[in-house]
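Both complexes shown next keep subunit A, but they swap its partner, so subunit B is in the first and subunit C is in the second.
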Partner chain A sequence: MLRLTISVKNLKEIADLLNTVVTEAKFKIESGLISVKVVDPAHVAMVCLDIPKEAFVEYQIDGDEELALDVERMKSVIRLANSNDQVTLSKEKEKLKFEINNISKSIALLDNNTVVTPRVPVITSENYVIVSKTEFERGLRAAEDVSDSIRLILSSDEFRAKSSSDSEESEMVLTKDMLKDIKCASTIKSSYPLEYLLKLVKSLTTSDEIKLSFKDDYPLNIEFTFGQAKGSQPGVIKGSFLLAPRMEQ
Partner chain B sequence: MTIVEKYRAESIQDLIISKKILEEINSWLNLWREGTPTKKALILYGPPGTGKTTTALVLAKEAGVPIIEMNASDTRNSDWMKRIALMASLYGDITYSDAGETKFNKIILVDEADNIFEGKSKDKGGDSGGLTELSRIVSRTNNPIILTMNDFYEFRRKPAAREIINNSLVVEFRQFKRKNDLDYRNFRNRLQERLSFIAKNEGLVFRPEITDRLLERNRDDIRAILNDAISMMSYRDDANSSAEAGIRDAVSGIYDVIHSTFKGRNYEMILSELMEKDFTTEDYLMWLDSNLPSETKDPSDMVSAYEILALADIFVGRVIKKQHYAFKGYAEEIAAGVFTAIKNVNDKYVKYEFPSYIMKMSRMRDGREGRRYLVSKLARLTHSGSSRVSSNLWFFQHLSKNRINLQEMQERLNLSEKELSILRKS
Partner chain C sequence: MQVRATMRIPPSLCLSCRGAKMLCGLTFCPISVNRIVVPKMKNVQGNSLSGSSPPSVFVGRYGYPKIRIYPSTPPEHGDTGIYESTREWMNMPMEDFLSMRLSLVRGGMDIRVGDAASPDRLLQEIQLMALSQKPVEVDMVFEKNLSASDVVLDDHLPPMGPSAPIRRIQVDTASPGKDVEKVYGDTDLKAGEAMRYLYSSGIDVSRISKILSIGAVGEGKARRVVPTRWSITAVDKNISDTLVERVKDYQQIDKFMAFVRPTPGNLFMGILTPSNWIYEWGESWFPGSTWNQWGKEAFVEIDDEGYYGRKDYPGIGGCYYSARLAVAEKFVGMRRSGGAITWREIYPSFNLPVGVWYVRENMRLMFSGKPEIFDTLDEAVNYLSGFMEVDPSRWLSGSKVYPAIRYNNLDRFFRI
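Presenting the complex of A and B:
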């Protein structure tokens, strides 16, 4: 029997994050945690989440298994709940049953074979910057409507996010003292799709620090934590958001 | 999974494809390995089942890069084009770890691109704006794009297709030109090899003598050949019942029907091919019309053949007027008899041409539309019917020669560039 109880806040944030890149996702359920990896159809953005047992109020499983779900359907079920509610999920044959207070609703599970879990690339970078999400979001918003992509530039003492088109330009400069942490030996730059970055910061509601690491024209890895555990300990769920770089001619 | 999917080629060695085509495709992909070529996309066109999609999948596999597919079953309007094809074309591939080793990160496959139906208005749904977006993507992409299609001529007439074609290497996917040429024999051998392999794997018996029958029936449609072959193989123990049993009705394409109408000289045969046709009676007549001159050597033959065609055309006209569409068959049967008028048979090979009328019509459409809008605006302004304005358009054209008049008309009618150019033409 599979029975999971989780706060609506946590579940909503998980669903929103996945929904930034896909509409269907496959969850891998194990004894200590649930993990999920998704990639958008153009292979540009990837989301990987590790949701430990502690993020749940109740965690009852029989053994390892996989559940494929329509994320948008799940979001519409969550919308029935108040933000302080809890949701209990249980598997009934080919359906997943959601119980929220006095309401119960079942949605169909998808065929596990039709939802593919992507291979996560091995990316490593020595350089990173830790910024406040709100600060970063402001820089992204400045770039909105200027261009489809944003250029991130990291040097030993500052982090810049720049965007330009033929007629318009935007730039955010964060000096060392405005950053939580920075490590970078020489200047590196790379461009990424703005739309996905904006979607990410919008759906990350309960996290305030994010770690960005990249290299010259190399995938961007954004690491973050979010959600709340039972004892209201924050940042219990670990996630990473990977973005492919814009290919320069 | 069907047998055809199960035995879809997985490597270049498995592909049943002519050497020439393979070389062309490979050298295009090699250009991508060195940088960004001017022909950024590859158009593979040809009849269904000849391996266009399979080739694209194999190319990606051999290059070791992921493939991003946009199939006919997906929505392909401008939004989705942007979300998938545009993103994929400009950015690297996050699932591909060897970025930098090759100049491209993935291959983008737009399957059945001739089936992107670009509507006129945004709210009509369908694939509106899809092709226009695709043409922009093709001109800017950083990753190779492959487009497959059945009907290149149909595609060529679509809006925005011109720009796509200009930026693409166009390869016709025909495995052989005629029976018994070198390509045909290669094709036949490769096919036979593949069929015996499948038979062996599936525990069936494959008799090589059915190969020619399969080829006759299906030409180079490998998917159809496999389907037929497999149903024929299952009758393995009974030699006599085997051959006909599993053969499906093959669809006759316009080239084949035109060919047998002129060259076959067997009326029953033509009629039976017409039964399976995938085009309209009007198309048939137009194709006969534009190709008749090249099939007749003798002017008097041409005259009498056109008499027959004209009669068929009269019938079509009546059918459409009365809306008795079921009677179209009679027009077809009359037209099928054109060969009886050709006494002096042309035995040379004729490359059948696409009816120029259809092409001209589509080219004129833009012009006609501009004229229609202009006329309706003028009609409203002058409180007259649009047909009256249309026949007196010379007057307005003359009027507009005066700069002040033109300026006033422009202000009151808010004319577009197209409409202006029609007004200025005299």
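Presenting the complex of A and C:
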């Protein structure tokens, strides 16, 4: 018996985030938490989510299990709902049944062996910045038509995001007073593929602040919270996004 | 007319080979080519020629914008379509191909490229001939005897035979077919849109470049006759640009796909990568091959582009776009996206330029074959290195896509 009820908003944000890197995902279901880890086929970006019981309206499971799903199929089912609806998911043999108001729809589960859960590397960096998602998104959009990569520069008192091509340039500068928090001993720089970052921030609809940590020519780790608990407590779901640096040629 | 090998072949070798064993190591027998071309050319008597043009019209580039166009025909009647059919050339021995193409006799006429904006009756006749779906009967009278030394051997163009200035030409009526007729008649349609329309109607790029070259497409006043060499690359580029953009919306492939195709004197290789669009075309010419006559070692040259393409013309030439078209067609066929590494090795036995069609058609055939599938780029490269003559490290150190794919991901930092 597996029966989960969750708000459409939460489920949609989960699906969108996973869909920034993959089309198929395997969820690990445990007594207090559902976790999912995915990496894109090129191994450039990884998304890890911890969705606690509190993010659900109803959370009934028999024991630990794994469910592999086609994320795009799930998204197309969610599209049938209104944004304030709830969805109830239940497992029926090899299918996952979605109930939204007076509609029910089942999609096939995927073979657990065909969807591989990646190993999650340990990222260590003492340098980080906590920035408003909206500000960060603005900096990314400024770079969008300039280049396909963006250079992040962090120093003890400011955070910059820069992009340049032969003929164009864009730069966002956020000084210490405009940031929630910043910790960086000396200046660090690293470039990242812009497309992945844009996809990520577009799917993070309910996050206010994000934490970016990196070092010179090293993967970027973006930590964020999103979603709403039953009692409307925000940021109940925890996520991280790992992105490989772009080598300067 | 003499077709000469650029190396000296000892007579003893020819005597014990007699065109059968390829002892000289060339991919064609220069003696056989002469033997086949010379009798064919015997039909060319005096200063006139009558034949069935495949159809074929060559446009030179020298003196631009005052250039020369050459309606061409072999000295034979009947279905000569194979003279212009790049796909069919793939199944021919090199000497048959060469002797066929070298017997295409070209009658030269001076024109200005802008004449296509308001073509006179003669240019219209030649345009209609070039647009024809089927071979067209042509009678040409030349100002003087054919100049045998004036054959076309070019890295971009298929070979062509001797030429002489035209005094008179008579062309039979010909039908271009519905789709070509439509773009020819539509003087509001831009040339790029016309190319894309023709391609989507199932017309191959080799015919589209002929249509572009003769100045039969584009907005009325902007119509220009385009040198054949430029028109081929313009079409390969324009069509591949369109396909590459379309492919970007598809889902990515999820493994590395390695392809290989050995041909006489050449090795074609390709790796499709699970990544965003990124592309490179590399060539390695061995000492003694067409463009490396005096070198001591194989010369590796690679041009590449990232997700947004290139802004300048690749130094390696039009073959870059011919191979890119084959890559884009493969992704379209799979309805998947990805990146591509494409390399070609050219050995000493391949010492005659034959044109970029050779790259396009071989790459197309290579991608129609079954790939070997790998989880990592290094495994795919390792598989291809089993076929290579060039030291794999030379390919890898010159490659732009290899480090981008190999190092721009998380595997470089962690085992995932």
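Rule of thumb we're sticking to: the second predicted complex is superposed on the first by the 247 of 249 C-alpha atoms of A that agree within 3 Å, B and C clash if a C-alpha of one lies under 4 Å from a C-alpha of the other, contacts with A are read in each partner's own complex, and residues count from 1 in each chain.
Heads up, the rule we're going with is that contacts are C-beta pairs under 8 Å (C-beta built on N, C-alpha and C of every residue); 3 or more make two chains touch, one makes a residue touch a chain.
Remember, predicted model here, so these are calculated numbers, not experimental data.
The superposed arrangement places subunit B and subunit C in clashing positions on subunit A. Once the two complexes are laid over each other on the shared chain, residue contacts for A:T23 go to subunit C alone; subunit B is not touched. Once the two complexes are overlaid on the shared chain, A:V39 sits against subunit B and subunit C alike. In the superposition on chain A, A:R119 makes contact with both subunit B and subunit C. Applying the stated contact rule after C-alpha superposition, one finds that A:P245 touches each of subunit B and subunit C. In the superposed model, A:L89 makes contact with neither subunit B nor subunit C. Of the two partner chains placed by superposition, subunit B and subunit C are both touched by A:Y218.
Once the two complexes are overlaid on the shared chain, A:L109 sits clear of subunit B and of subunit C alike.
On subunit A, the surface touched by subunit B in one complex and the surface touched by subunit C in the other have residues 39-46, 118-119, 121-122, 148, 193, 218-219, 242, 244-247, 249 in common. On the side of subunit B, the complex with subunit A involves touching residues 36, 66, 68, 83-85, 87-88, 90-97, 99, 105-106, 142-143. If you check the complex, the residues on subunit A that touch subunit B are 39-46, 118-119, 121-123, 148-149, 192-193, 218-219, 242-247, 249.
Put simply, subunit C touches subunit A in their complex at residues 251-255, 273-276, 306-308, 311, 400, 403-405, 407-416. Across the complex, subunit C is touched by residues 23, 39-46, 118-119, 121-122, 148, 166, 193, 195, 218-219, 242, 244-247, 249 of subunit A.
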